[in-house]
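Have a look at these structures, which come just after this line.
Look for chain A in each of the two complexes below; its partner is chain B in the first and chain C in the second.
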Partner chain A sequence: MTAQTTHPPMARTPRAWKKDIERFALLGAWAVLIAIFAVAVPDTFLTWRTFSSMFGSQAVLVVLALAVLVPLTAGDFDLSAANVLVFSAMLIAVTNVQLGLPIGLSIVLAIGIGALIGAVNAFFILFFRIHSLIITLGVGTFLQGLTLWMSQSRTISGISMDLVEVVVIQRLFGIPLAFYYGLALALIMWWVLEYTIAGRKLLFVGRGREVARLNGVKVDRVRVMSLVTSSTLAAIAGVLYAGMTGSADPNSGSGLLLPAFAAAFLGATTLYPGRFNPLGTLLSVYFLITGITGLTMLGADAFVQSLFYGGALVVAVSLSQLVRGRQPQSFG
Partner chain B sequence: MTVKPLASPGTGPHDADILRMSQIRMKFGSVEVLRDVNLTLRRKEIVGLLGANGSGKSTLIKVLAGFNSPQPGSVVRLWGEDLPLPLNAARIRQMGVAFVHQHLALIPSLSVVDNMLISDTSRRPYGIKWRAERRKIAALMAEFDLDIDPDAMVETLSPVERAFVAIVRAFAELRRSDAGRAGEGILVLDEPTPFLSVADVEKLFTVLRNIRSTGASVIIVTHDIDEVLALTDRVAVMRDGRLAAMMKTKDTSRQQILDTIVGRAIAAYVRAPRPAPTKRNVTIEALTGGRCKGFDADLKAGEILGVTGLIGSGFADVPYLLFGAMQGSGHIKIGDTYLDAENLPPATAHAAGIALLPGDRMGQGGVGSLSVTENATFLALPRMRRGPGLSHGMMRRATAGLIADHDVRPANPDADLGNLSGGNQQKVLLGKWLAEAPKLLCLDEPTQGVDYGARQQIFAALDHAAAQGMSILVASTDHEQLAQLCDRVVVFWRGRPVMTLAGKDVEKDRIARVCLGSGLPDTETPHQTEVFA
Partner chain C sequence: MKNSNAIWLLPLLLPLLLPTLAQADAMSDAQDLIAQHRIIPDFVPQGEPFDARACMADKKVFSIPVTMTVPFAVALEDAMSRAAADVGFEYTVWETQGGMDSYIQGVDQAVTQGYDLIDLAGGLNPEVIGPQLMQAKDAGAMITTTHLYDETQEQADFVDASAKVPFSSVGKVLAAWAYVQTEGAPNVLIIGSDDVLPSLPFVESIQTQLTEYCPDCAQQYLNVPLAEWGTRIQSGVQSALLANPDINYIIPIYDSMTQFVTPALRIAGADVPMASFNGTPFVLDMVREGTVEMDIGESLGWAGYAAVDAQMRVLCGLPVPEDLGVPLVIFDKSNVETTGIPANFDDGYGDAHIAGFRALWMLE
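Here is the complex of A and B:
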């Protein structure tokens, strides 16, 4: 559907076909993957429960991947995103469980502090003109320390069930609400990037800062907004993370950083090839979890997760490069 | 000698030929880009390779460099040896063909020595002896009367010095090659001059003549007919993938070469006479920044003002200062708006009705990896809204209109801007700004790397915009272009505007002479300026 809105019908040249193949290859690969597992483990894989659990469980990763996608489009890396996620989840746990704040206030606080962290990232990157990779790496590591300090390195459980209720317990069509939050966010971001001036400015800033500046874009402002958005979304991912289990674990969430980047890059090979795009990212997350779920059901160990995330990313991006005749890529 | 008919181009085989490319055919997909090209090069000879954009001259050079593989049947004979196709890039270099590409392939943040040694693969069993290398490079520079410090960072060198480093590096490569031992070699230069001033081009030519006198041969690809006439022994002209003519330089003329390049007679664009503009539109006061010091000007509505001078004389900074693209000071009055050039953000300049078409098209003007539509509509997005969001249909229709108005080829709004030729990129970017109907349009080298036909179309578009009341300021070192386009031309000397030419003084040779410092009022002559500075 998205393809038709941007490309009205025109003569289908061979090149257009090739482009369409590239655009929908991942969707096809996903279908093939589902078909394979459906044949291999029909009883366990091909059930609504498996799918609803796959859809529900990945909402945190979807939101985190969408978070890092914003600065990636503007040409910046946000390596602090996963640490913001854990910090925000832990902040909710500490304020709600230990300090007894109402859950609503805890959430607002966590998201607000998320936005503030984004502003801190932006300040160091833009005021001192330091590469985003360095600052967000530092800020992320610093946050990790804060998280461990705040929690005494312990998992804190007992977060208000109200949060858990609206994240995983309530379901629509049998799928936890968390899935729909991720879906809604992806759709909103798709619309913002494709159909608003702010989205176009973000893209131009990422592809050519000097070009954007000489076309009257306030480049620094756009970069600040992208970094604040990223951290805010990462904090929201943290809220979902806390709501998944009703607890906050100071360690495991930081492992989500690489899968989030993997999904963003894999997403850039599909639907709008060569461009970071929210719908492609959404598709990638579910493609990856389908493979992992299926392989686990076939009896694979936990390490299959990393194997599949890493392997699928490298293979998919390489295949997409073959289709485009190995042209150097400029993502954004 | 006259232009040879297409059937028998070239001056035929010759005993002194060191390179003979015959029946070169080449296809990109189903498009024939080279059709039976024959080119020869002799010992101690400089050949100029000319042609419009897309005529196949770069493709031919890439065949020789081993980047493009020609069709079977093509023959490349080098020093009497038929080479297997496609050519092996490393072997070609080893045999003594060295290339200097337009972008010079130097790393700015490294020193001259570092850059010179990149291509030097001779064995050094005891490691690099830096002092000896520096001495060797200094000696090589001295051979060509060049005073370039081997330890200088390339980024601190002037553009012409960078070109020298790249050329001397290529020459050193020739010397190390098989042919170099016999004093021979072929140096291929792909458009080395567009960023150089007239004086620097002359220096460059001296170096190339010195290289020829060592026994080597040079092929120089260029747009500039005058350069070819000044430098070369023979001229090869490409047109539509064929070698249209191979002529002896001393037997030909500017007009003949021009006619051969264009094939059909393209009339140089001539402005329609119109009444002198009178309504004051833009006032610039004490504009200072970069190398430009104290530029004042009044631009009438509908007036085209040129600023020129030698490279580094400050005129090139004027468009960027006016748009706030560069830090500076001074005052600008445009319509009823006063702007302070100090801390002027480009967004404010844009809002006040100033536009800037920068010289670096793909670095500053547009994004090569985005489509023509995305680039062309970027400024117009506020007008492309339907309801809360942008309408992609409106964006495409606006772009289709721009493509038709400015004859952009290919006429495909979805093509990536970077895949268009320089001239077509410029038409898209110019069209984008013209659609904003600015009060003042500033351009920096608007036709650099733009072929002859597209250049005339750009002139026509600018003139049309001026006729509608737009003021236009053009910074350029292309005197012919300024003469064709401008009502008045301000010439800069060492940062200051020293003379304004108007009326019939706006003429190519007159501008060129003033740029070089002749005919300036007494107190402003170069010598005096220096004394009182």
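Here is the complex of A and C:
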């Protein structure tokens, strides 16, 4: 005799609705924001030129946010990412402008050294069992010193226009190619995290290292790969940064670290709530720049932009927590 | 009869002619101002000669720069050290990477080692370490600032003298340049940083001068705090250009801002020229490459000697001249190569100041 169980027709429970609202809340908020600015500055905001300009300008931040997202998913912080970005841009400037290396070789060198920096981070974190915050903070500061030394504290301009061409001058549908590089990376990362064993292992390690280890996941290897990927992506962000400005400045790129973390955290409230996810991160970056662009068009003071940036992050994460019944957060 | 008829018409035509005449006046004024800054002026002593070597024989100066990670501050300190070595007195530079703790440590060091004068160089505001500097004063040290205040600004009460910078004069030249380059119809985007002390009078002088030349012309101001140049200038300029496509000139008041304006112009697909101030080498290179149209430079070598002149006058009990007489030179495509390839902080201004100051200090 076999027991048969019958399932009632699939009905969406309030909990499922809540989940859906949470998933798409930021997308909705973005639409509302666009609508508000479309009404407030109708002639200029709602034009393709405005959107192509917003999309094209944020590629560096998108790639850097994707870089910090990888170790965050595995439960590690990479505070050296912005310094890797600056170091990589400066290495391109020094090797291309001052040493006369071809731009292609400079880029390969920068990305290769970026990967190496990730391996150094991983070595100290895993061999000595030190928290990633401490090591990446130290390595980042060390890199800052190297960058200042390498550049003699100067901004170096005159990076090959070939790089500038393929980053910001060439366009597709009116949007600089830089946008598509960021988009492609986000899609690749989304696919890796969702559909590959390596991606699932990364998520698993982030959820609980001990559980992952007991299930046969080589936790250390996963963490090494996440840190190397992070630094490599940060170096790629540095390549884009050099291509955006055609120059390298030893200081200013490090200001991108907090916006990158903000985008990663804000992204974790949307599409796959409670999980760092590349598409959510992409969405957050463009949500934030939409606010900044609209406010600037309205002539808002500089401090209003900071209020919006910080306020949006705190409000979004808090609302997301409210919808989730204020459960303790376990990002990863 | 014909002539008298024409005279009768004059009062009627005058209201129509006045704006054109005023514009012609403004244009010629602006061109004159620009012409004055195209030449390297001769050295003009700004104070009475004095025997610097005798007066400074037992004196020593301690200089705290805002940070030695900025090439501008390094070049300024190098020039001041050279001037002090020329006179032959002890001049110590506090090798700081910036930060309140390091500034305080520097002041302590200067007091402990009995320096006669503490100079804050390259934009370090004395107010931020006011209590420590007042203690240093109580211990007998004099306090000066170099390259911080605008010529129109008052120094802090406890500061004995300041080598001020003619930011307001620079502002007038930048406004004149934009006015001439746009053929009398400027629609200018000014980018500044209100958190940098001299920015307010600097920006105000650009705005006032532009309004004087052309009362009906549009101008817009974008304020980006110093720490956010790398993240906010680009998006701010893009938004401004999208909101107002008629902008025909951009004036980032400090030339290091230009590197973040360039990608904004590329992304927005706008071909708007820009002019700036500081004479930073990489921006002069950008002038040579055509990315920036004009950069006003000041000789840091000259500024360093002028600052040491002010410091020595304080220590020797002499009056410090209000105007330090450091020339401002316009660099555009026509003369930028005089600053070197690649450009540097010192070339392009001549070296009249060295002989001039040596004579003023009775070294020759």
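Operating definition for what follows: the second predicted complex is superposed on the first by the 318 of 332 C-alpha atoms of A that agree within 3 Å, B and C clash if a C-alpha of one lies under 4 Å from a C-alpha of the other, contacts with A are read in each partner's own complex, and residues count from 1 in each chain.
What we mean here is this: a contact is a pair of C-beta atoms (placed from the backbone, for glycine too) under 8 Å apart; a residue touches a chain by one contact, two chains touch by 3 or more.
Note that the structure is predicted; figures quoted are calculated from it, not measured.
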item	value
Chain A as common anchor, with chain B and chain C clashing or fitting	fit
Chain B versus chain C as contact partner of A:Met297, first or second or both or neither	second
Of chain B and chain C, the chain that contacts the larger number of chain A residues	C
First, second, both or neither for A:Ser318, with chain B first and chain C second	neither
Partner chain in contact with A:Gln170 - chain B first, chain C second, else both or neither	neither
Which of chain B and chain C A:Val41 touches, first, second, both or neither	second
Chain B versus chain C as contact partner of A:Gly253, first or second or both or neither	second
Contacts of A:Leu203 with chain B and chain C, given as first, second, both or neither	first
Least C-alpha distance (whole Å) that remains between chain C and chain B when both complexes are overlaid	34
Touch list for chain A against partner chain B, complex	5-8, 191, 194-197, 200, 203-204, 207-208, 210-211, 213-218, 274, 330, 332
Contact footprint of chain A on chain C as seen in their complex	68-71, 74, 194, 222-225, 227-232, 234-236, 238-240, 242-244, 256, 259-260, 262-264, 266-269, 280-283, 285-286, 289, 291, 342
Chain B residues within the chain A interface of the complex	323, 325, 345-347, 349-351, 356, 358, 363-367, 369-370, 374, 378-379, 381-382, 385, 388-390, 392-393, 396, 414
Contacting residues of chain A [partner chain C, same complex]	41, 44-45, 47, 49-50, 52-54, 56-57, 61, 148, 152-158, 164, 168-169, 176, 244-247, 249-256, 259, 289, 292-294, 296-297, 301-302, 305
